[in-house]
Each structure stands twice: as C-alpha cells, then as structure tokens.
Amino acid sequence: MIPVLLILIPLLGGLSAFFIKNEKSSRIWTLLISLIVLVFGVYGVTLKAGAAGLTYNGEWMQALGGSFSVALDGMGQLLCLLTAIGFPLIFAATWNNTYKNANRFFALMLLSQAGLMGVFVAMDALLFYFFWELALIPVYFLCSQWGGEDRIRVTFKFFIYTFVGSVLMLIGILYLQSQTPDHSFSIYSFYKLELSPNTQSWLFWLFFAAFAIKMPVWPLHTWQPDTYEKSPGAVTMVLSGIMVKMGVLGLIRWLLPVFPVAAYSWGDVVGTLCIIGIIYASLIAIRQDDIRRLIAYSSIAHIGLMCLAVFSANESGMQGVMIQMFNHGINIIGLWILADIIEKKYGTRKMSGLGGLAQQAPVMSIFFVIIALANIALPLTNGFVGEFLMFNGVINTASNYYFIFIIGAGMGIILGAVYTLNMVRKTFYGANIVPSSGMPDLSWNEKLALSVIVIIILILGVYPQLFLNISEDISKMIVNKVDVRGLISK
Amino acid sequence: MQLTNRSIEVSRKPLTWLEKLYVWNIIKGMAITFSHLFKKRPTINYPEQKRPFSKIFRGLHVLNRDAEGRENCTACGLCAVACPAEAITMEAAERLPGEENLYREEKYAAKYEINMLRCIFCGLCEEACPKDAIYLSQTFAPANYARKGFIYKKEDMLIPHPINEPEAYQKALGEKSVKN
Amino acid sequence: MIIIKILFGFLTVVAIFSALMMITSKNPVYSVLWLIVTFFSISGHYILLNAQFLAIVNIIVYAGAIMVLFLFVIMLMNLNKETEPQKNRWIKMIGAIAGGCLLLVLVAALKDVGLKKQVAMVNGGDIGLIKNLGKELFSTYVVPFEISSILFLSAMVGAVVIGKKE
Amino acid sequence: MYLLVIDWIFLLEKFILVGFIVTLSLIIAMYTTYAERKVAAWLQDRRGPNRAGPFGILQPLADGGKLFFKEEIIPLASSKFLFILGPSLAMITALLTSAVIPWGGTLHIFGKDVSLQIADINIGILYIFGVVSLGVYGIMIGGWASNNKFSLIAAIRGASQMISYELAMGLSLLAVLMLTGTLQMSGIVGNQIQGSNVWHVIYQPIGFFIFFVCALAECNRTPFDLPEAENELNFGYHQEYSSMKLGFYLFAEYINMFISSAVMATLFFGGYDILPFVDETKWGLSGNMLTILGFCALMAKTFFFLFVFIWIRWTIPRFRYDQLMNLGWKKLIPLALANMIITAAVVLWLNK
Amino acid sequence: MNALILSAIFGVLMMFSGVMLKQKASVRNIACTGMALLLIAVLLEMKGVVLFNVNTTGMLSFTRFTLVFNAIIFFSTFIYLLLSAREMENVGVNYAEFFALIFFILCGVVLVTAFKSLLILFLGIEIISIPLYILTGSDKRNLKSNEASLKYFLMGAFSTGIMLMGIALLYGARGSFATDFSDLMTAEKPSPLLIGGILLILFSMAFKVSAVPFHFWTPDVYDGAPTVFTSFMATIVKVAVFVGFIRLFNDSFDETQKQWRFVIAIITAATLLVGNITAVFQQSVKRMLAYSSIAQAGFMLLAVYAMNSDSWEGLLLYAAAYCFATIGIFAVLAKMNDITFSGFNGLGKKDPLVAGTLSVFLFSLAGIPLTAGFLAKFYMLKAALSVNGSLWLVILAVLMAAVSVSYYFKVLQAMYFKEPDISSDQTVIQAFKQPVFRWSLIVLAVFIILLGLFPGLLLTWYYF
Amino acid sequence: MPINYYIFLAIALFSIGIVGVLTRRNAIIIFMCIELMLNAVNLLLVAFSKKHYLVELERLKVAGLEAVTNVGTDGQLFVFFIMVVAAAEVSVGLAIIVMMYRNIHSVDVNFLNRLKH
C-alpha cells in the first residue's frame, strides 16, 4: 500500500490545495502533506524490498492490457525517499518566498510530487508513461507562470522536448506490449521478452530518446540551462534535483533489462555521447558567470557520468548510480537553495557582481562550501561514495573503449572540481564587492533546510552502507538481467 | 350630411373561405361571357352597310354656290375669325369684269383653305357666315396618305355646279335644303 | 447492327464534341446549351441501351429542370461574355494537362477490362423499362427511396434558408 | 425501338402518320387563331374576321402570308444563332408532343392494322412531360437572345411559371396513373374504354381541374399570360421578333393549346372513346367506322377544350405575378398532393 | 433504425416549430429534448428495443459498433446543443431550420455509420453534405460565410462526382452495390475496374474527411462558417464520415488491403505533416482548430490504415474524445468576440472554471495522459504499430503529436500566462455565466477525464 | 457494343468535366461541369447494368434455366438516385451561388480569396 499512498497523498493534497485560497494556510497545508509523505517515504525505506506493503496490483485499463501495478524496489525506495525529503526541504527553504496565487503554486508542486512518485514506483509501462507525463504538466505550469522573463518560450521548449521524447517512448511501449504474449504492459512481462537484436536496436533508441532528453544527455540538453535559469527557485530544485532522476531510473529500470543486446551494442555510442556531454558541459560551466547556469551545466556533467556508469552495466556502477541519484539530488537541491538565497539577498546571480560573501554571511558560506565539496565528491561526503562506485563501474566496463571512458569520466571529475571551486572562490572569497544587504545571514527556515542537507551529506559520506544495502539487490537484479546472455562478461 | 339616398354602405367583411376560392365567381363570369355568344350583334358590315347619320351631323365643309352656280363666298373672313381652331385661311380678290357668272359679289375668295387636321367640326363657321357660303355636310373626311392632303383647297370643297352638273349638285346637297 | 454502330458513333461524337464546346464556350449561355446537347446525346445512348425510363427521366430532370434552373440563374445574373472572368493561361494549361493525364491514366488502367469480350447489351432486355425498375424500386430499394425524401426535405429547407431575404 | 428496326412499310406508314398529324396540328393551330378571333368577337358581340373568303375562313392564310412577307429583323446586339434557335425550339417542342397521343383506334387498310398513334411507347406520359419541360427553352432562349430587358424579364417569368406549374401538373397526373397503372397513353385510353367505360374525369374531377389550370399556365394562356403581358412588358419575350419567327412563337402557342387539349381529352375524357358508359362495339359499326368516329370524337373533345381556352381568355383577367406563384405553389401543389394521397388511399382500400 | 427514423421525424418537427412557435427558447428546448430522446432511442436499441421494425433488404445493418458510435454522436450533439444553441439563434432568423438541418444531418450520420450498400453510403454522405453547405452559408450577409459555403459546395459536389465514378467502376467489376466484395478477391489478379474504383472512392473519402492533399477546402470553410456550425462539422460530421470510411474499407476492400494501404499511409503521413505544421502558424484560434481537425483526421486515418480490432475500438474512443474536446472549445470560442489567441488572454483569471475545462479539452486534443485524447491516440498508434513496416508512420505521428502540443498550448499560455487585455470584453464573461453552459462544459470535461482513466466505460458498450 | 467503348466514352466525358472544373472560373460553369461528371457516371452505370444483365442471361442460358432475370436493375436505379441527388444539389447550389452573387456581384471563383488572409 505504501507506493499507492505515496502517490495518492500528494495527489489529493494537491487537488485540495487548489481550493485553499488563503496563502498562509495553503503553505502550511502543503508542508503538512509533504511531511506526511516524508513519513511514509521513510517508512517505505525501512521495509525490506519485496515486503508485502511495498507492492500493489490494482485493476485498471485491463482492456488495454494495463494494470495499476506499483512497487517499491531498492531504487524506487531511494528515489521515493529523495522525493519525500526533497519536497519538504524545498518548501522549508523557500518558506518566505511569496507567490501570486500561492495556492495554485503549491497545489501544482504537490501534483508534480505525485507524478514523480508515480514514475518511481510504476511497474506497468502504461502507468509509467502516465506518470511520466503527469509529472511534466504541473512543472510546465509552474515554470510558465512563476518563472523569470521569457519563461513561456523557454518552458515551452522544455515541454516540447520532453513531450517528443515521451511520445517516442510511447511507441516503444506499445510495440513491446504487442510483443508480449499476454498483451500486458507489466514490466515483468517486458523483462521476459526475447527480442531480436534488430528490433531491440530501434526500440532502444526510442526509449533512450525519452530518457536522454529528460536527463539530459549531450545533444539533447539544450532546453536544460534555459529552463533551470528561468524557472522559479523551488521548481528548479524539483527539476534538477528530482525530475532528472526520472531519466536515469528509466535507463536502469526500463531500458537496460529490456534491451540488453542493444544496450550492449549501442553502449559505446551512448558512452561517447556521455563523455562529450561531460566535457562539453564542464567546459561551458567554467566559462559561466551566472550561478544558476553554472549549476545547470554542472548538472549535465554529473548526469552524463551517471549515464556512463549505467551503461557500464556492472554491479558497482549500478549501485553507484543509485546512490549517486540520491546524493546528487540532495546536493544539488542544496546548491539551488543557496543560489536562490544569494539571488534573493543580493539581487544578482552573476559571479562577477558578487564576492566576499564569506565575511558578510559566514553561516551561508559554510553551508555552501560543504555542499559544493560534496558536489565535487570529496571523500567523507556523500558524493564521494557514489562517484567512486560509478568510476569503478566505468573502469570495469565491458566496452572496448573503456579507456576513453575512464579518461572522460576522470576529466569530468577534475573539471567539476575546477568550476565548483571557482564558483566558491569568486562568490565567497576575494575582494568584498557586494554591499551589505543588511539582511540577516540566513533565516531560520533556510538554516533548517540546509542543516538537514548537510547532515545527510555527512551521514552518507561516513556511512554509505545504509543505502548500499538498499540498492544492492536491485542492482544485482538489473545487472543479471543485462548479463543474462553473457554479453557483458567477456 | 347625406345629400342623396343613393349611397350604399360598403361591406368590409373579410371574404369567407368559399369566396376566396373564386371558383363560383369565375363560373359566373364565364357564364356571363358565354351568354354573349347568343346576343344580337350590333356590328354592321360597314362599307356595304352604313348607319344613317343624324340630321344635325356635322361633316366636311362645303362651299356653297347660288342657284346660278356663282360662288357665295365674299372672303369677308368672319368664318376664319369664328373658327376656334384657326383652321381657315383665305385670300380675297376683286371680281374682274366678265367674271360675274362666277362670283356673286364684287369680292371673292381667291384662296380658301381649311386644315382638316385642325378643324374640330364645330360648325361655328357655318353660324358665322353671313352669305350662307359655307356649311357642314354629312360626309366625313376620307383618309389620306399625307398631311398635305388634309389641307383642303377651295376646289376640294366647292359644291358642284348646279347647272353644269346638276346631279352631282343634288347629291352633294343631300338633305340640305337650298336656302336662297 | 450496323445502324446501331452508326448511331453509337454519332451520339458519342456529339456528346464529346458538345461537352468540349461546353467547357470552352466563353458565353455561359452557350455553355448551358451545349451541355443540354450533351445530355440529349447521353439520353440517346440510354435509348440505345434500351433504358427508356432513364432516357426520359434524364431529359425531364436534367434538360427540363436542372438546366432550366441554370439558364435561369445565368440570365438573372446577366452573365455574358464580358462578365466571364479572364483567367491565367497557365492555370488553364495546367488544368487541361491534369485532366488529360487523368484521362490517360484511367484509359490505360481500364483498357484491359474488355479483354473478356464483355459487351453491354444493346436494344434488348427489359430491365430498363419502368415496370421492372418500379417493382425493384418499391421492393428492394424502398428504404433508400424513403431516405432520399429526407435528402429532398433538407435540400428544400436549405434552399429556403439560403434563398429567403432577411 | 422501332427506329432501329428497318421495316420499310412500317416506316412509310409512320411517316405518313407523322405527316398527317403534323399537318393536322398545323392546320388546327392555324384555325385556332381564326377561332380565337371569331370567338373573341362573338363573346364581345362582334362579328370577327369575315372578309377573307366566306366567313373569313381564309383569314389564317392571309395572316400567315402577311407574317411571311414582313421584313425579317434581327437586332444587331442579339446573339444571332440563339435568336433563330428560340422560335425553332418553341415550334419543334410544340410539335413533338403529338407523337404519343393516340388519335384513334386501329384502322384496317390493305390488310394491315394501322394504329393511329405514332409511337406507343410505354412511357408516354413521361415523354409528354419531357417535351413539355423542354418548351421552356424556346421562350428563354428567345427572350435572352433578344438582348432586351423586357424580353428577358418575360422569358424569366415564363420559365419560372412553366417550371412551377409543371409540378402541380405532374402531381395531378399521378392520381390518374394510379388508376390506370400504366404510363402508356394507349393504356390510359384503354382503361377508360374497358369495363364500365368510365372516363377519368368522373373519378378525378379535382385532378382534371388542376391539370386544366396547369395546362393554361403551360401554354401561357390567360389568365397566366404574364410572359406576354403587354401592358408591363410591351410584348413579352417575342418583342424583338418579327416576320415568321414571331409567327412561330404565336403558332407554337396555338399548337400547344391544341396538344394540351388533346392530352386532356385523352387522359380525362376517354380519348377516342365516343361516349362514356356506353360500349360502342355493340353499335354494330365496322371497325374502321368506329375508329373514324372515335377520331372525330377526340377531335370534338379537343375542339371543346380549345373553345374553353379561348372562352377563358376573354373572360378572366390576368393574374399578378405573385398571385400566380402563390396559386401554383401554395394552392395547386398542396391540392394536387391531397388529391394524390386520397386517390392512393382509395385505390389501396379498394384493391386491398 | 430508431435513431434514423426519429431524427427524421424531429427534423420535420423542428421545421414546423419555427413556424408555430414564436419563442426562441421553446424551439431550443424542443431541439434539446429531441436530441435527448434520440440518445435514449439509441440506448434502447442497444438493449434490443427496436421501435421501428423496417425491412431494409440488407442495405443497412445496425451493428454494435454503429449503435455505440451513434450514441456517442448523439450525446455529443446533445451537449453541443446545450452549449451552443443560443449562438445558433444569433446566426440567422431561421434558427428553427438550423435545428431541423442538424437533425437531418444526424439522419445522414446514422446512414453513413450503418450502410451495407454503396447506395446508402452515397445517400448518407449527401444527406450530410447538403445541409452542411447551407449551414456554412447561413450567415448570409457575411461574405466569408458566403464564400465558404460556395467553396465547400463546389468542392463537395466535385468529390461526390469522383466518388460516384468510383462506385460506378466498382459496380462494373462487381455487378452489385452491396459492400461485400469478398468474391472478387478470389481472382488471382484484381480487375482494374476494382482498383480504379477503390482509388477513386478513397480519394473522395479522403476529401470528405479533409485528408491531405484533399484538405485545401477545410481551413477556409471552417474559418468562414459561423463558429457554431464549424463546431458541428468539424466534430460530429467529420468522425461520422470517418466511420463510413472505415466501414467501407473494412467491409468491402479488406482483402485488397495491399492495394490501397500504401496510398493511405502516404495520405496519412501527409495529413499529419501538413495539418500540424500549418496549424502552428495560425493566428486565429478558429483557423488553428481547422488545421488541428486536419491533423486529428491524420490520426484517425491510422485506424483506416491499420484496420484491426484496435482501430475499431480506437476510432470509437477517438470519436468521443475528439468530439467532446472540440465541441467544448468551439462552444467557448463561439461566445467570444476575438477569436485570435489574444482573445483568450487572461481567461484563467477571469473565469477559472471555463479556463480549467478548456485546458482539459486542450490536453485531450494534444494527447496528454489521463485524458480521453491520450487513450484515443494510444489506440491509434497501437493499431498502426501492428502493421508491418509502419514504424516510420507511427514515429511521424507521435512527432506530429508533439508538434500539435505547440499550438494547443498556445491557447493555454494565453489563458494562464498572459495578462488580460484592458479592453477585455465583459459581455463575453457574462455569456459564460449561463448555468447550462457551465454545467455542460463540466460534464464534457468529466467525461473526457473519465474516459481517459477508464476507457472501459465506453468500450464495454461495444462488446456487451 | 463492347463495354470498353462505354467505359472510354464515360471516362472521356468525366475527364472533360474535371478539366472544366479545373480551368473554368465561373462558379456556375464549374457546377455544370460537375453535372457533366455525374452524367458520365450515369452512362457508365447504365452500360454496366446492361453488361451484367447480358452476362447473367448467358449464364442462365448455359445453365438451361428460364432466361428471365432482373440483374442490372440496381445499376439503373442507382442512376435514378443520382439524378435525385443531383436535383437536390442543384437547388441548394444555385441558391448558394445566387446568394454569393447578391453580395459580390460576381460568380468568379477567383474572388473567393477573402478567407486566405
């Protein structure tokens, strides 16, 4: 029942939030809902994967071959937890932000949470597709209505990109369903399919297009920096912290196990794209002056690495990706929160217009530094564990070109350190060119949110086993599926 | 105020359905026309048959002569003056010696024209003539091909000579009695 | 049979010639008249095929009613040579070429049809007589017949709606 | 399908018949003009033409001669071909109708049965309809080709009038067709001769009435002679015509009158049946005699109708245009429909 | 049969009601009641209650599919009347006749969905077309309307001619007008008459459903016609003709699929491409919807292309989804003065309910999940995918679906993200306040979402 | 007559009609061309109907059955219906054309461009 609740609570909460006209009460109501979700999310994580409470099979659209089948596996647990933690964090961090028509804003936020939850738990392709779109629509509205200038065009670009990807995926889903003997959309039926390499090939690209756009992978990334830049802060956090993981999850859960042969044969191409993306995004990030754009490009680079690790298709890489999904989500939310605070406080996001914040806002700078370090995967932070495992995975990849991949991934990590530290340096140190805003360093809610993030960073940095246990089974399972024909093991 | 008792109240009743059909009225009308098939026809075959004129019919003008065949007209112009349509023109001339057998008086009409297109056959010329030189006969103007033909000269109107052509004279005289 | 062939040829030539004249005449009234000639020759074909009923209905409906309406409208509008719009020569050419192509394609496609020496019966067979047609019309085809009354009703209503001045 | 079968004697027979009928129609039409003038005179207490020949019998010839010798004028702005086509069409369509009317029974000449009907096609009535509906063209083309607004208006009036009244005419005929069950003219006449020998007018008085009114309208006769309403349209559609082309128009009108009288006689008054309710074959006359008598009977009926046409012309004033249309569409057509439905019901009821 | 006869009767009734009744409202009410009765009659017939037992001599067959489809159509029309009947009265003085014509069109719709003989198909299409010509031109003083009507008429008559030629050729091949052509297919080589006939009929049907390259009349006609009637012909009539299309090709030419399938594929692809791409560049919502109807026709053509059980179900669902959504949008559009995109500016603030339902309709048209439109497209894609070698077509279709989002969302953007114009028309907002209108919109939206969640609600009717 | 002749004749008339529709710009004449197309179809249908009749007759003769059949009537009835529909269409079409003429005093379809912008 847990997954159903995870979807239903924000869904109903969101719908009801439309009718709470009072801003204050809608804010509180939203936070309340997100906290309830958090409770269930945490509860879900504590259960062992495969427990009875974590799966639910409802009847729905049987004529089509669909079913309302949801389940929390290890990866799902992690991502649901991320979602469940992320939203209250975001709400808390942006507590003081005011919005026009706040009730709609919060309602849409909750709806997007419901969609995200659905994507993470859906075990039925049709359902998956539904939630995939459902997560998108509220975000579209959020960005278009509360974003920055030129928001409509930018958001629309984002929407069209994702939509195109998703409908392409729909074709793939439809085709797979027609191939299954029982004409079902269930992921388990998909897993059982034995498709010819040729078929796998084109289906692979259909699915990959959808996920690659969402993540985004290099040539399909162009919507991302603009959208991240123009969206309202809270939405950007959701987008880059959580939504991006939809793509990665899709890769792991829907792509690799279903098309192992294609994944193997096209792995090099995808890997190349990832490498290009990592280096390209990192180089651009170095050249950025705008904090938001910098973070956006850094996100591309990180995701590229994750994608690369996924296609390495070994247990280490897979587990690394799963953990890193969570970690990256937490870290980047933290970064966005800070970027948002800076922008609010100093009215600019240009690094050239900032500097020496460390003296004015020491607390903030501490938080920032910690989170930034976690982002560049310093040991003892959560990022380190994930990146290490992923790197390990890449090294052990079955590809003939693993050497290039290793170099590329390494370059990515190094360049990541360059631009992140550069940002820290430019923003917080150096000549104090920002006039004191006269505002307090950090308000209590921001402190609270950031502290939670830092705590998570540290805990996971020290004790990653907590999550490794959760993700172990599922990554083994996936790797087995991929390797079932003995393709990976040389 | 009612002046006469002949006025009739006009009925403003709308037509009934039957009346609107008109069929009955049409049949009535047809019957009326049909009944005319059997009526006596007043038409006569004109050139062969002629209807008698009344005594006082005023037809074409005639310039009179006396019993000796002399023209009565003295060109006094009273007829032209009396003519309401100004249809009469004349020119006078003096009788030369040796012409006494032609003209009764010393003065005569050398030219006497009546435009029959203008003439309204009112007979005032006849009334005006002191010499009984002009009168309206019982014939009417025959058709002609040109306008010019309707301007009657003296020769066209002069009554035939009573002595030279007595029959024609009598015929032209018709029922008109010679008032000499 | 020779006389039938002669008649057939004659009617065909008349039909096609008058149809061509119809589309080439500058004056709409002439077009109407040529079209009537076409209809007559088509009626002649019907008679050749012993479809008497259709022949006469063709004359009554097309020549007698429809074309009268056309003529009527053209006369009402007083359209004549001068009001016939001038038209781009190219478009004309393209239209003619398109039509010609269609003709060619259809003829090419259908030229093999008669390989089995199938013949349309001429001058015989009584299916075209009104008796047979009537029986069939009021037994098998009574439903479409009734349906066509709806069609007429709607056309009538429509013509009134469009034609009535407000 | 006689036309396609070469039977020379048959062909000859038909040619003679056609020639006879056409000549007959022309002569009758000629004398109808005479009759028109005569009857008009009588109805107006006049004598009518009586100069050419005894009682003016040669008057139509004189008229014809006059028309022939008058100057032929084709207006400069008219379209010449159509200008000539108009009267020709009027004349042709007027003459074509006579082909299917049974002018009598069969004659036995030289051992052959000669039917006094040019073509006994099984869609006789439809044929008449077809030809009648073509009659409009003569008027329309002539009126349009004259390039004169009065002619044009008259032509349009005439066309709309004829189209409108054709409907009621057809509907009224349907009732008759229900009684007979055939479209063949000879069949319709035969139906009136057979059995109790009842003329259709007895069963179909309303049908006859409607048909008669429509016939008046189709022939452009008073009170429906709007196309030639001289007080509004000068002379109507043939205003620009002169000489024999005008003569054709006038002639066509009289031929139409004659033919429609004959059709009325055929459809409603027993055709060549001599008397209703009487079986003529029991009179003991020879077949040929009966046929000739029948022909004369038909002619008598036709002449009677012609007389009625003329009679009406000199009695009833002309309709206004809107009245004309109202009568046609709002009165006659519903009436004809009702007549048809009632007839159908009765026929069904009697036949069970 | 119920529906056919009743709708004819109601057509006549409406004709007379215009003369008898002076009150506009009562005429409208009669029409709505009639529509409801029709709907009930169809539902009854589905339950096996046939009010009129007519021997159609095998020319009509009221299959399950026909009945369900008719139910959808009648329901849509019912809602359409509730939503837009008032606007009809503004078009011309002959409003009662408009209702009558609509009922007559429904007769045609029933015929087109139930025919078993090409004759009935022909008559049905004509019964649909002729009143439509009238309705298109019903705004007599509006030149655009006149022009649209004339254009529609000429094109429609032309395509009818082509269809008749096709039918004649088929008759030559077959000797009968029944739509069962199976015996012809036994020949090893189909007669050229048959192929020619199929192609000509295909072209003319493509014309009637405004498939590219036979679509050129559609935008002009839809744009020129009074908006209320555009709504009717873009939805109900269009899907009805589609049903005729698929029935014809399923019943008649199933066996010759390989002859025409490729042609249909090309037509479909062209329709999708042209319809969607052109729609993006439109300034007026009405014209955009016209092109969108072409685009949607492209999707529906996929059903004809695939011709399997999925496509039948899908067509039902598509018909419902498309009709409901488009009727809803047009109903709102018909009440607005400014039919460009900017006319919708700020509607989300001015009237959240209308804007909300509108967004549901737009989502459905765009094929966003949880709406009926998504499932409809889903079925179409599924049906098409089952055909070998159709991948390119399907990919094109989904890409075009994505393009379609761009123009549908323009309306959304205008409603929610743009500020209302200062001179925004208050009367328009007043026009939205009628309770019937609001409730009908809500019902439509609810139906769309319900169908999007539980398509079985509709499809069970098809099977049981 | 071989059925081919009729097919060619009908197609020729049909194509002439189509050419007319494509080349002429007068709405009434376009409409007339459409009527011509319908007539071509009618002719073809009648010819086919007689063909089918003949084929059926032959079949019956070969089978030794009584040679009475009404195969082919449906073709002629279809023609009848086409005429019916054509009449209805004409009434509506001419009404529309007249309405158009009332407004723009032309029946030139080239003037039908108000909707393009």
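For clarity, chains are labelled A, B, C, D, E and F in written order, and residue numbers in each chain start from 1.
One rule holds in what follows: a residue touches a chain if its C-beta (ideal position, glycine included) is under 8 Å from a C-beta of that chain, and two chains touch if they have at least 3 such contacts.
For clarity, every value in this text was computed on a predicted model and none was experimentally measured.
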{"item": "Touching both chain B and chain C (chains)", "value": "D"}
Chain grouping by contact, computed as though chain C were missing: A, E, F | B, D
{"item": "Top chain pair, ranked by number of contacting C-beta pairs", "value": "C-F"}
{"item": "Chain separated most widely from chain E, comparing mean CA positions", "value": "B"}
{"item": "Closest chain to the centre of mass proxy, which here is the mean CA position", "value": "E"}
{"item": "Cα-centroid distance, chain D relative to chain E, in whole angstrom", "value": "53"}
{"item": "Chain centre separation in whole Å, for chain C relative to chain A (CA means)", "value": "71"}
{"item": "Computed distance of Cα centres, chain F from chain E, in Å", "value": "27"}
{"item": "Where chain D and chain F are represented by their mean Cα positions, the distance between them in whole Å", "value": "33"}
{"item": "Multi-partner residues of chain A (at least 2 other chains)", "value": "none"}
{"item": "Residue numbers of chain C (touch at least two other chains)", "value": "4, 50, 53, 57, 65, 69, 76, 106, 110, 113, 140-141, 144, 148, 151, 154-155, 158-159, 162"}
{"item": "Overlap residues in chain F, where contacts from two or more other chains coincide", "value": "3, 7, 14, 17, 31, 48-49, 51, 55, 71-72, 74, 77, 81, 85, 88-89, 92, 96-97, 99"}
{"item": "Listing of all chain pairs that touch each other, if any do", "value": "A-E, B-D, C-D, C-E, C-F, E-F"}
{"item": "Residue ranges of chain B touching chain D (in the complex, touch as defined)", "value": "26, 29-30, 32-34, 36-37, 39-43, 45"}
{"item": "Of all residues in chain F, those that touch chain E in their complex", "value": "3, 7, 10, 14, 17, 21, 27, 30-31, 34, 37-38, 40-41, 44-45, 48-49, 51-52, 55, 71-72, 74-75, 77-78, 81-82, 85, 88-89, 92-93, 96-97, 99-100, 103-104, 109, 112, 114-116"}
{"item": "Footprint of chain E on chain A - complex, ascending", "value": "60-64, 129-130, 132-134, 137, 141, 144-145, 151-152, 156, 159-160, 163-164, 167-168, 170-171, 174-175, 177-178, 202, 206"}
{"item": "For the chain E and chain C complex, residues of the former touching the latter", "value": "8, 11-12, 15, 54, 56-57, 59-60, 92-94, 97-98, 100-101, 104-105, 107-108, 111, 117, 119-120, 123-124, 126-127, 130-131, 133-134, 137-138, 140-141, 149, 169, 172, 191-193, 195-196"}
{"item": "In the complex, chain E residues that touch chain A", "value": "313, 363, 367-370, 374-375, 378, 381-382, 385-386, 391, 394-395, 398-399, 401-402, 405-406, 409, 413, 416-417, 453-456, 459"}
